[in-house]
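Both of the next two complexes hold subunit A, though its partner changes from subunit B to subunit C.
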Partner chain A sequence: MGKNAYFSLLFVAAILAVLPFVVPNSFYLDLAVRMAINAIIVLGLNLLIGFAGQISLGHAGFLGIGAYASAVLPTHFGWHPLLAMGAGAAATGLLAALVARPIFKLKGHYLAMATLGLGIIINIALRNEAQWTGGPDGMPVPAMGLLGFELSNDKQWYWVVAGLLVVSVWASLNLIDSPFGRALRALHGSEVASQVVGVDVVRYKVAIFVMSAVFASLMGSVTAHYVGFVSPNFSDFFHSIELVTMVVIGGMASVFGSLVGAVLLTALPQALATFEGWETVAFGAILMASMIFMPKGLVPTLAAKFGKGN
Partner chain B sequence: MSMLEVKDLSIHFGGVKAVQNVSFSIDAGIVYSVIGPNGAGKTTLFNLITGVYKPTAGEIRLNGEAIHGKSPNELARRGVARTFQNLQICMNMSALENVMVGAHLRLDRNLFKASLRLPALRRRDTELRKEAADLMDFVGLGSYVNSRADAMSYGALKRLEIARALAMQPRLIFLDEPAAGLNPKETIEVDHLVRKIADSGVTVVLVEHDMKMVMNLSDRILVLDYGKKLAEGTAEEVRRNPNVIAAYLGAHA
Partner chain C sequence: MLAQFLQFLFSGITVGATYALAALGFTLIYNASNVINFAQGEFIMLGGMLGVFFTMAGLPLPAALVLAILVPAIVGVLVEKLAIEPVKGAETVTLIIITIGASLVIRGLVQVWLGKETHSLPAFSGDTPIEVLGATLLPQSLWVLGVTALVVVALWYFFNRTLQGKAMLATSYNRLAAELVGINTGWVLFMSFAMSAALGALGGILITPITLTSYDVGIMLGLKGFVAAVVGGLGNGLGAVVGGLLVGILEAMGAGYISSAYKDAIPFVLILLILFFMPRGLFGGKSTERV
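Let's look at the complex of A and B:
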């Protein structure tokens, strides 16, 4: 990491600044907003998976908690949307911290199974508590207001989300190249070596798990307000898998890989819509091909090819 | 007073008694070697003292404080460093970053300050880069300062482990076969390096198969065989000990 990464950040910021002026219609702007939301979630998840070498197959569950906090608290209790968003993030952080201690005694497949179970439990709870959540039908979400100013159209949302994305990329780059980030990467590289130099590995795993869960929860809230509706599908297992796939396709342990993964996998279903019934098959084939030919993910593979460090 | 005291230390893995009732003590500032045939329990002993394994019985005291059962990261806080026989280098990081990780406990590790790129943290990191480069120079890796860890040779990685351990600024350092797999020239360089480390005031505990190096460097030697203490003393005493000769060369009953 170095000056290069920060130039890349400027480049991303420039693209984000120009984008709304060149997209042909609001369909593409909507797509861009969803890409950016996914990119922020994937950034957090990549810190956990790519950098710290852990796994979570339940992150959509955390996203669901944030989304439903933003739907339920303002609707049933009249909370301000920002307060509801903060409460959702706090609850997610607390839950993640509580379960992380026992969960991170596990490794590999067992860790994957435990996080998978957690995500499914959250999904079932949201589906079953119909008097609060609307059950399988979902529920509408009130609009997000900021200081008397209401976020209503796609363009406003775009600027908010693009701003959040730039800040998230900047913070991720900073984190990786810091004592905290080096400890995370070291426990991935060699857990025992990181322990003997003094890294409390469980504490670091828990911290990054909580942080990535809170990212997912906040973006769940943003999605809920943006779409104006939540459904249990937000938090289901397939959404968790989709998020992990974005990390892997874009490139593990690559900040810009997270962006590329999120952009591609958000756009792909749209691009494949012309295949009609076969889109899932085409989607799967593309994923398989990219894993076979680029197991390290797009950005690291291309960076290595063109001799640029990342 | 001795720096490290080990009393009746034992660990059993199922029925295998890897270390049995081993006692010894190490004075500050010396080079102390542990030798013995393969499988004698040398690395297990290191793993016990550095907290990687928990002993079945016995006690370990560091400057009078009982440390058995403490985790490796707690021991790191008390100035205990080590290297590994089977390399434990973080291949996902650069060589320099591997050394910088050694300074973990001396840094501000706050997640939020790091995310915000606070100037104090950046300044400390810049200093640390310089410190780490100097340490790489000290262990003879000056030419690898800008290398990736996964692009370095085995011999260089062995020394990178030593540099990382030194970045902890330890008082006691455990070196597990630092010369294993090295060619004769590299072995001599490691020999000089261990001497330099000891001269800088760090107490060195060494496991090594290269007898010339052990006899040359050690102030005292502990000999293990089948998990038991066979002999202990100066190089000269150990060399003459009939039990040691029997274990190494074989003896008729």
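Let's look at the complex of A and C:
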């Protein structure tokens, strides 16, 4: 990790530290928590999409597994929330690892189809197993706590999530500078060339897919506890698309792009709420316009414009 | 026993024909531009909803239906001109997001304009079911199958016997080579969007008297059309038709014999299994990667 990266990390940490003291009210604090949660998911997804050049149109499915593990296991079986969260992440990792080998033999649109299918199957299962999941209506999630201390207000949640975000940014910056990260970028450039120099292409693809899926699952659990409620919409196709859009709009293969993308797309629906009825049209139009005018995403486009790489 | 099986088969091939038309739409655009058009499902929805709108506006059924195919074709061309052409050669995920953006705009506009209610069209030739070996077949199903068959034959003729069709085919094999022999590939792109939107809309119109329609039916129909196109191997016209029918039939059988709650999951389980064992679909050839 270079000096620049440390500086950027410090910058993010500083913003996060100051933010709760300058936000005008709890509405914005809540928004900040959601942004930070999405940012962590998007960091993981960007490693897969931006750095390794793969695609996943089913990541909300993994989010759903984590969220529902945190809802179902404590409610129906009396598990401790942390244990449930771990179990959800383990199950997600196992599932991702199982399907990853056959899936990552696929490329381009076939890969898009396979991951999309996986996400939709998970969503339909969550929707249908009503005796466990509450079906289409969703179900409440018990509070998260440890040793008698319970995470209850937005401020506590904010510090927890902000801490996780700083750790995730640090981990991502480190990872892309490691041999592992170099291998990912190499296979994005050319799979054949990286095979020739001895990169086990499939193994790296599987590893990064599993890693980003586990990230998503853990954040699914965090979201479930934070919101106190889960519904199947949380794991649907559209949410998967939103996550991918955050990666691409912020900027593929850019750690700070991930943060920017997550912040913008979390805020956008709130901003569009004033359009009453026209939200879908406006959202779609903004997606199209930003991709047409900045196909490389916001951060890389701006970085190129002002002649500053990062 | 047989009657029940036939019943599921009939409903399967009827829906499957719609998937086949959608899959042909995916195939046309994919061949011309390498784009997977995630807005394809919205053309199916547009066909049905506009058919309803124009008949309610008092137009006679044939005129309403022609308009309900024409308008989506124009929308398809607009999508191509405004959103696909400016970003030629962009990454796959960028193109996916653009077409999804287009689908949101179309869906959102229809929702604002025509509302969230569910609508239906009158069946083209009555609702008296036909008895076949104990199972019943709706006359509308015959319309769906007949028109789909006609379209498939017409497309076959177009691509194999006419200059324009061959030009489109040539472009799908090798765009640069096609340009070098004087084919206007811009026109090919234009035609492929117009045709696939029209095909989707036609499917939407035909199926609406049976399955009803509303502003949000496009998502699932489109995704299943995509499944159908991939089942047969992307870019393969025959594969798209077979894929569509296969997805429709398996879905109906699964809903009938296994679980109707998991009906929508069946196409996706099918495609995962196929891709696990045949990474390029049933009819997709082997691929070699150029380095």
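Here is the rule we go by: the second predicted complex is superposed on the first by the 309 of 310 C-alpha atoms of A that agree within 3 Å, B and C clash if a C-alpha of one lies under 4 Å from a C-alpha of the other, contacts with A are read in each partner's own complex, and residues count from 1 in each chain.
We take it that contacts are C-beta pairs under 8 Å (C-beta built on N, C-alpha and C of every residue); 3 or more make two chains touch, one makes a residue touch a chain.
Because the structure is a prediction, the values reported are computed rather than measured.
Enquirer: Could you tell me if A:171 is touching subunit B, subunit C, both of them or neither one (first, second, both, neither)?
Expert: A:171 contacts subunit B only, not subunit C.
Enquirer: Which partner, once the models are overlaid, touches more of subunit A's residues, subunit C or subunit B?
Expert: C
Enquirer: Applying the document's definition of touch, where does A:179 land relative to subunit B and subunit C: first, second, both, or neither?
Expert: first
Enquirer: Given the touch rule stated above, what does A:200 touch, subunit B (first), subunit C (second), both, or neither?
Expert: Touch partner of A:200: subunit B, not subunit C.
Enquirer: A:190 contacts which: subunit B (first), subunit C (second), both, neither?
Expert: After superposing on A, A:190 lies in contact with both subunit B and subunit C.
Enquirer: Both subunit B and subunit C touch subunit A; at which residues?
Expert: Overlap of subunit B and subunit C footprints on subunit A: residues 190, 192-193.
Enquirer: With touch defined as at the start, can you tell me which subunit C residues reach subunit A in the complex?
Expert: 30, 36, 83, 86-87, 90-94, 96-98, 100-109, 111-112, 219, 223, 226-227, 230, 234, 261-262, 264-265, 268-269, 271-272, 275-276, 279-281, 289, 291
Enquirer: Flag every residue of subunit B that touches subunit A in the complex, lowest number first.
Expert: Checking each residue of subunit B against subunit A gives 50-52, 71-73, 75-77, 81-82, 84, 88-93, 97-98, 100-102, 104-105, 107-111, 114-117, 121, 125, 164-165, 167-168.
Enquirer: In the complex, go through subunit A and note every residue touching subunit B.
Expert: Going by the criterion above, the answer is residues 170-172, 174-175, 177-183, 185-186, 188-190, 192-201, 207, 211, 253.
Enquirer: In their shared complex, at which residues does subunit A touch subunit C?
Expert: Against subunit C, the touching part of subunit A is residues 49, 55, 57, 99, 102-103, 105-106, 108-110, 112-114, 116-118, 120-121, 124-125, 128, 190-193, 237, 241, 244-245, 247-248, 252, 277-288, 291-292, 295.
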